[in-house]
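Quick one: structure below, then a few questions.
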Amino acid sequence: MKVLVLNGPNLNLLGQREPEVYGKTTLADIESMLQTRAKSLSAKLEFRQSNHEGELVGWIQSAPDQFNVVILNAGAYTHTSVALRDAIAATSVPTIEVHLSNIYAREEFRHKSLCAPVCKGQISGFGAFSYVLALEAACNLKVT
Amino acid sequence: MKVLVLNGPNLNLLGQREPEVYGKTTLADIESMLQTRAKSLSAKLEFRQSNHEGELVGWIQSAPDQFNVVILNAGAYTHTSVALRDAIAATSVPTIEVHLSNIYAREEFRHKSLCAPVCKGQISGFGAFSYVLALEAACNLKVT
Amino acid sequence: MKVLVLNGPNLNLLGQREPEVYGKTTLADIESMLQTRAKSLSAKLEFRQSNHEGELVGWIQSAPDQFNVVILNAGAYTHTSVALRDAIAATSVPTIEVHLSNIYAREEFRHKSLCAPVCKGQISGFGAFSYVLALEAACNLKVT
Amino acid sequence: MKVLVLNGPNLNLLGQREPEVYGKTTLADIESMLQTRAKSLSAKLEFRQSNHEGELVGWIQSAPDQFNVVILNAGAYTHTSVALRDAIAATSVPTIEVHLSNIYAREEFRHKSLCAPVCKGQISGFGAFSYVLALEAACNLKVT
Amino acid sequence: MKVLVLNGPNLNLLGQREPEVYGKTTLADIESMLQTRAKSLSAKLEFRQSNHEGELVGWIQSAPDQFNVVILNAGAYTHTSVALRDAIAATSVPTIEVHLSNIYAREEFRHKSLCAPVCKGQISGFGAFSYVLALEAACNLKVT
Amino acid sequence: MKVLVLNGPNLNLLGQREPEVYGKTTLADIESMLQTRAKSLSAKLEFRQSNHEGELVGWIQSAPDQFNVVILNAGAYTHTSVALRDAIAATSVPTIEVHLSNIYAREEFRHKSLCAPVCKGQISGFGAFSYVLALEAACNLKVT
Amino acid sequence: MKVLVLNGPNLNLLGQREPEVYGKTTLADIESMLQTRAKSLSAKLEFRQSNHEGELVGWIQSAPDQFNVVILNAGAYTHTSVALRDAIAATSVPTIEVHLSNIYAREEFRHKSLCAPVCKGQISGFGAFSYVLALEAACNLKVT
Amino acid sequence: MKVLVLNGPNLNLLGQREPEVYGKTTLADIESMLQTRAKSLSAKLEFRQSNHEGELVGWIQSAPDQFNVVILNAGAYTHTSVALRDAIAATSVPTIEVHLSNIYAREEFRHKSLCAPVCKGQISGFGAFSYVLALEAACNLKVT
Amino acid sequence: MKVLVLNGPNLNLLGQREPEVYGKTTLADIESMLQTRAKSLSAKLEFRQSNHEGELVGWIQSAPDQFNVVILNAGAYTHTSVALRDAIAATSVPTIEVHLSNIYAREEFRHKSLCAPVCKGQISGFGAFSYVLALEAACNLKVT
Amino acid sequence: MKVLVLNGPNLNLLGQREPEVYGKTTLADIESMLQTRAKSLSAKLEFRQSNHEGELVGWIQSAPDQFNVVILNAGAYTHTSVALRDAIAATSVPTIEVHLSNIYAREEFRHKSLCAPVCKGQISGFGAFSYVLALEAACNLKVT
Amino acid sequence: MKVLVLNGPNLNLLGQREPEVYGKTTLADIESMLQTRAKSLSAKLEFRQSNHEGELVGWIQSAPDQFNVVILNAGAYTHTSVALRDAIAATSVPTIEVHLSNIYAREEFRHKSLCAPVCKGQISGFGAFSYVLALEAACNLKVT
Amino acid sequence: MKVLVLNGPNLNLLGQREPEVYGKTTLADIESMLQTRAKSLSAKLEFRQSNHEGELVGWIQSAPDQFNVVILNAGAYTHTSVALRDAIAATSVPTIEVHLSNIYAREEFRHKSLCAPVCKGQISGFGAFSYVLALEAACNLKVT
């Protein structure tokens, strides 16, 4: 099981700025937590971030060459990018959508995910643990 | 960690009718799978189903007397019940929303969950494994 | 041909209150008219009413055990119950939707039936005779 | 009881083209089935089809001179013709709307009937038998 | 003057849970306050609560046998129940809608009351005193 | 000044059917009243009616060959015909829209005229006198 | 026949400012043209303008004391004033709505008149002559 | 307790015009009824009416200098005036919204009150008695 | 390859009226240009125009008897005719939609084509050359 | 450069009431700050406030007689007054719209300005300094 | 005639992945087919693809330096990119929009093209041949 | 005071292309005008442009390291980019939104700014001078 974890725009800021507000967990912390769990699940995991819609599209396009599952936190592009949706729909590996916050408890425009209808499933609201649950779900896909 | 798992209308039909279409996993199978996992997580779990909106409201109301978390698959009431939403908002225990199918890949009217904004988080699309992920999330809440 | 006729909320009031306004035909009169017609069609017919959405859901769920067709006047739940819709969609017996009044000649919110898309067909506007037509339609299904 | 049965645009194609898809029942078959039933109900029935909105309007306008009831399958004009609606509303004979298919199980724009609010009632989804039920309803109006 | 006071879903929680947030007034306190006021107005008052939509429908249906007015706080069902609306419209006793909070200062979906158009009037925003005002209004109806 | 007066679908019924409801003024009466007024204004007037959208389109197309102004009561096609709108926009003679009733005091779908934006002006609500006002307006256009 | 002609906000600017754009006809010119026509129709006419919604409301309220008809060009208040609508609905004299321009050929927000549904009729698009037509219509009301 | 009662546009017509339709109760009658009740409640009450939005805004602005509560029947301005809403929100005295009729049983555009979200509460549908209930509510605020 | 080219309402006016505005190309010119191109493509082409929705429906219905492809410029009916859409969907020959102007650069109501979803493809904005492109596309369908 | 600064409803309250909430800057302070800046820019400035829509309309109408630019904070009328919009559009002097707060960070109904499309430009969100920026912009218009 | 052909996100996947589903035609095949046709039309053609919105914007901006026409298949950006629309509108060379599939037969959100209103025309639904038609249209623009 | 001025897609074209239409002011001219003004205000200013959403996001993210204020003309991304909005909201330096044109006088889709709610304020419609006003506002923030 080889898993690609993709993070969209502004997620690189996590934990670095205003830690008293958003907490101190950085994206690096999340990656490290995931790598540990991946090992215990005998999975291999690659972790990337980009602010560019086109770069995320490219990563999803080339995922089938190296990975069995994509875990995607597309950040703001979740709500605006038909290009990401098309890339997910065109790829042969299943994609799992994750969100740190409960997007349904935020502004109206964050309730609609353009990616969700073409993903395997969606997990939102459990903070960094959302990623861990997605990894569990990814590895469970393997055995089905 | 004591967890109450609630299932809404029509979920009692799961796996019993037209198994060639919906699969053979019954609600009892899901309960059994969850009880096993609960044991390994040292959690205690109670599992209920009702077709009555009012009965589900009552169960959520009385959850704080016995449970630390509620896992809720409200089925069709997810999309129509303000009463369930109010019960969740009024209760002091966190509620985790689960769905067997990816509700965002289904009819338009299933994309809107009235409960989601007042839940801790939402997990949808992983079949019976959605419940397992919710249980993991529930137990992770404990140690936070 | 065994037919289950289900009546939703407030239909129990039919003909009992303000007969000068709504006419004198009671739900019992309708049942009696239907039993007579059923006999002449060699059909067997059971007739029930409930104000509880959950109870109606349950009756539809268990219909396949005893009946070949369901005739449903869901009353107000026609317009608000996704749970009833899901029960109809999940059951293996065809359901025929009936209405006493022409729902399209009433308030805007009564024009939309959540159940109609998963029913076999819909008959509305012929008063008590709507039920008789539905029974004819039910028995005609048999010979198709 | 003299009944005028009107059929709107494209219904002349019924059963003639692509029978493996739409079935083999032609409009002529429906007329013949209805004439038989009409005889057994001592009713007289005339059966017409037109692709022209204006011609259908004219037929409804002149219905009171010869008929007691109109049965109307306006086809596509059901959803777009205010002119038909006005003709129905202006005529002194009751009109019964029929549809072969369940229009509520089809595309969104077919869910709205402009004619329904001014018709006596509506029957949809029972194939050719929808017309038979409408004829029954028409003859039942007589004795009311 | 015999008055039936009905309370909908979750109102049984009033004052019992998180009193530091919602205040300490319980539903029992409200009943007691109302009984006192009723006495001074020479009215007789019965006070009930249910989480079941169907049960509330039934209570409204049978109100005319024993009561002159209904005071209704339908809670969440205010915004979702056509069944309650139909029961109110069908009953011969006037119904007065009350709300503890100002529903127009809350979420958008609470601004629309399905019951209001068929009630005598509506009082919202005065806390427990909303019920007292409704009782005054009810008794004033008597002398009109 | 040569004026073409066009009347759309169902206006031929005017005054002939249910005179106790719609009044006894027929379309012929309106024509006669207009011819009298036309004479006193030294105008020449032709008066036509059709239930066919295509025929009305054709009459407007050929108006410039013989007429200086068109007065149009498009009836139901007012609200549904882009074809009429295009014909009016393409013709070089000004068109004046008239309605017997005040269309803004009727059903919502009659409030929107597709023709109005490309007409010279609109007169509605004065019964048969709406046509007389339109004729006055037409003759006043001449002297401008 | 005594007629009150009311003009709303900004109509006092007519013809005074930017005559090369809006023409040179002033509100005084319109009054003078109307007074002449009123004489020939043996009518008495009073002509007023105000930029104040409340003043226009007051004038309509007191119209029945002195006038038989109101002709109203409410200008911008046509589209925003429920107060004017209520005043018109409450008054016992009929009101005729006029507009200089064809409001249906202008911005979307000018297509909706809040006053129209409670007026006798509406005339729009004939420039100053719209007022003359309204006066004709007013005097014709007299003889009906 | 000093109470300012404000009445908006057209309320001055109450009972004066068409008493056979709207009843004979005048605004003066309402004031007198309120003054009586105020005395029994040891309150002081001032009663005003205006058709001018700006004047009502001004009265609310200066209320804190002399009054403890405002009772406001803003009439048509209820549905169109953001200025009134802002004045209420800016003032330090609580405002209670009243309506004679049940605004939710009237036209769609009367269901939305711009003022309600910034008022203490709302009372509608009890005729002149709505004012009395508002006065009771106002005096009850005092003792809270 | 036998191609039927159908033109809807008002296209007969092309180039005949106001040539200084719309250009001098007539429908006859377009036909002649298409016949020349058809010859060079060894195709046979028939060219018709009608202002009648019903006639266009009929032509599409009978197309399979004589033609392999339909090229359709439905003019205004593009945006209003469900009947044309149904005829296209029911016919076994592919239909190609063309427009002279770029319909997406015109009024909002011309952006929605009811026919497009059931056509093979759509070409709009290239003037008379749109037809030539459609003919090329039609002949290319042949060799696929 | 002569500048007219207009302030709409409730702006007279600025800084006078609840200074701990809204700050202590009064409208007089703003005027004084602006007069100082005007002097340094060799501009002449007049400063007015009104709660009356009609009065603001009148001031804009008569602006060209004395002023080169209007700076307008229409307050609540920004969102509801077509009359103000028409006055601005009709006047020959440019108008600059200002707001103290960022209206796009407030309630949905404050995001839409009816005046903005006919103003030169809009400045919002800089508190009292918004006026200073508008004055700078006004004086810069002069030298263009 | 020098033509720039631009392809947006995910079009690089064409024919490479899941050929059994999407066909075997690659973007390289389309380029080759176009180059052949370009030669026969004496045109020069450059062919590019990018997943980056900003890169596509840049290519359109610099098109006037080297090309006479742009053919654009913007893929998913068709529906979301105002930046592309602005680039097209700002450039002096005409742009022709193409789509492989009939976008009007797909999901609702693909029916709206933000680019179409500023393009010369649009061709959709003919597979790879859509590009050929666009090239023909481009070369025909030359001789106009 | 160190100010970062960011310009979005297509602003690099300013003044270079079609100067007879858009004027001759280039982005370089604007920068030069701003640098001059910055000096007189003792501010330091950096000026950048990009067509890439992701690059703009990155620049805003890193602004706090070097700047006190961001002035942002996001061009087309103003209306489509949630990613920019999130970057602005996450950054600790205030952002001021500017537009050359009055975006409220342009197409409907340009009236909605996704960035505005999280910016300090917005200035639009004053051409290049909008930037100067923003710089003044930025420097005024300093002294607050």
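Just a few scattered comments:
Letters A, B, C, D, E, F, G, H, I, J, K and L mark the chains in the order given here, with residues in each chain numbered from 1 onward.
By our rule, a residue touches a chain if its C-beta (ideal position, glycine included) is under 8 Å from a C-beta of that chain, and two chains touch if they have at least 3 such contacts.
The structure presented is a predicted model; accordingly, all values stated were derived computationally and were not measured.
The chains in contact with chain F and with chain J alike are G. Counted as hops between touching chains, the shortest connection from chain F to chain K is 2. Taking shared numbers over all numbers used, the chain G to chain J interface scores under half, which places it in the different class. Rounded to a multiple of 5, the C-alpha superposition of chain G onto chain I involves a rotation of 120 degrees. One of C-D, E-H or K-L repeats the interface of G-J: more than half of the contact pairs, counted by residue number, are shared by K-L. Separating the CA-averaged centres of chain C and chain L is a span of 63 Å.
Averaged C-alpha coordinates put the centre of chain E at 55 Å from the centre of chain L.
Rounded to whole angstrom units, the spacing between the C-alpha centres of chain A and chain C is 48. Across the assembly, chain B contributes residues 52-55, 80 that each touch 2 or more other chains. By the contact rule set out at the top, the touching chain pairs are A-B, A-K, A-L, B-C, B-E, C-D, C-E, D-F, D-I, E-H, F-G, F-I, G-H, G-J, H-J, I-K, J-L, K-L.
Across the complex, chain B is touched by residues 8-10, 12-13, 17-18, 50-55, 75-77, 79-80, 109-110 of chain E. Remark: chain A residues 52-55, 57-58, 61, 64, 80-83, 85-87, 90-92, 114 touch chain K in the complex. Those residues of chain D lying in contact with chain C across their complex are 102, 104-105, 111-113, 116-126, 129-130, 132-133, 136-137, 140.
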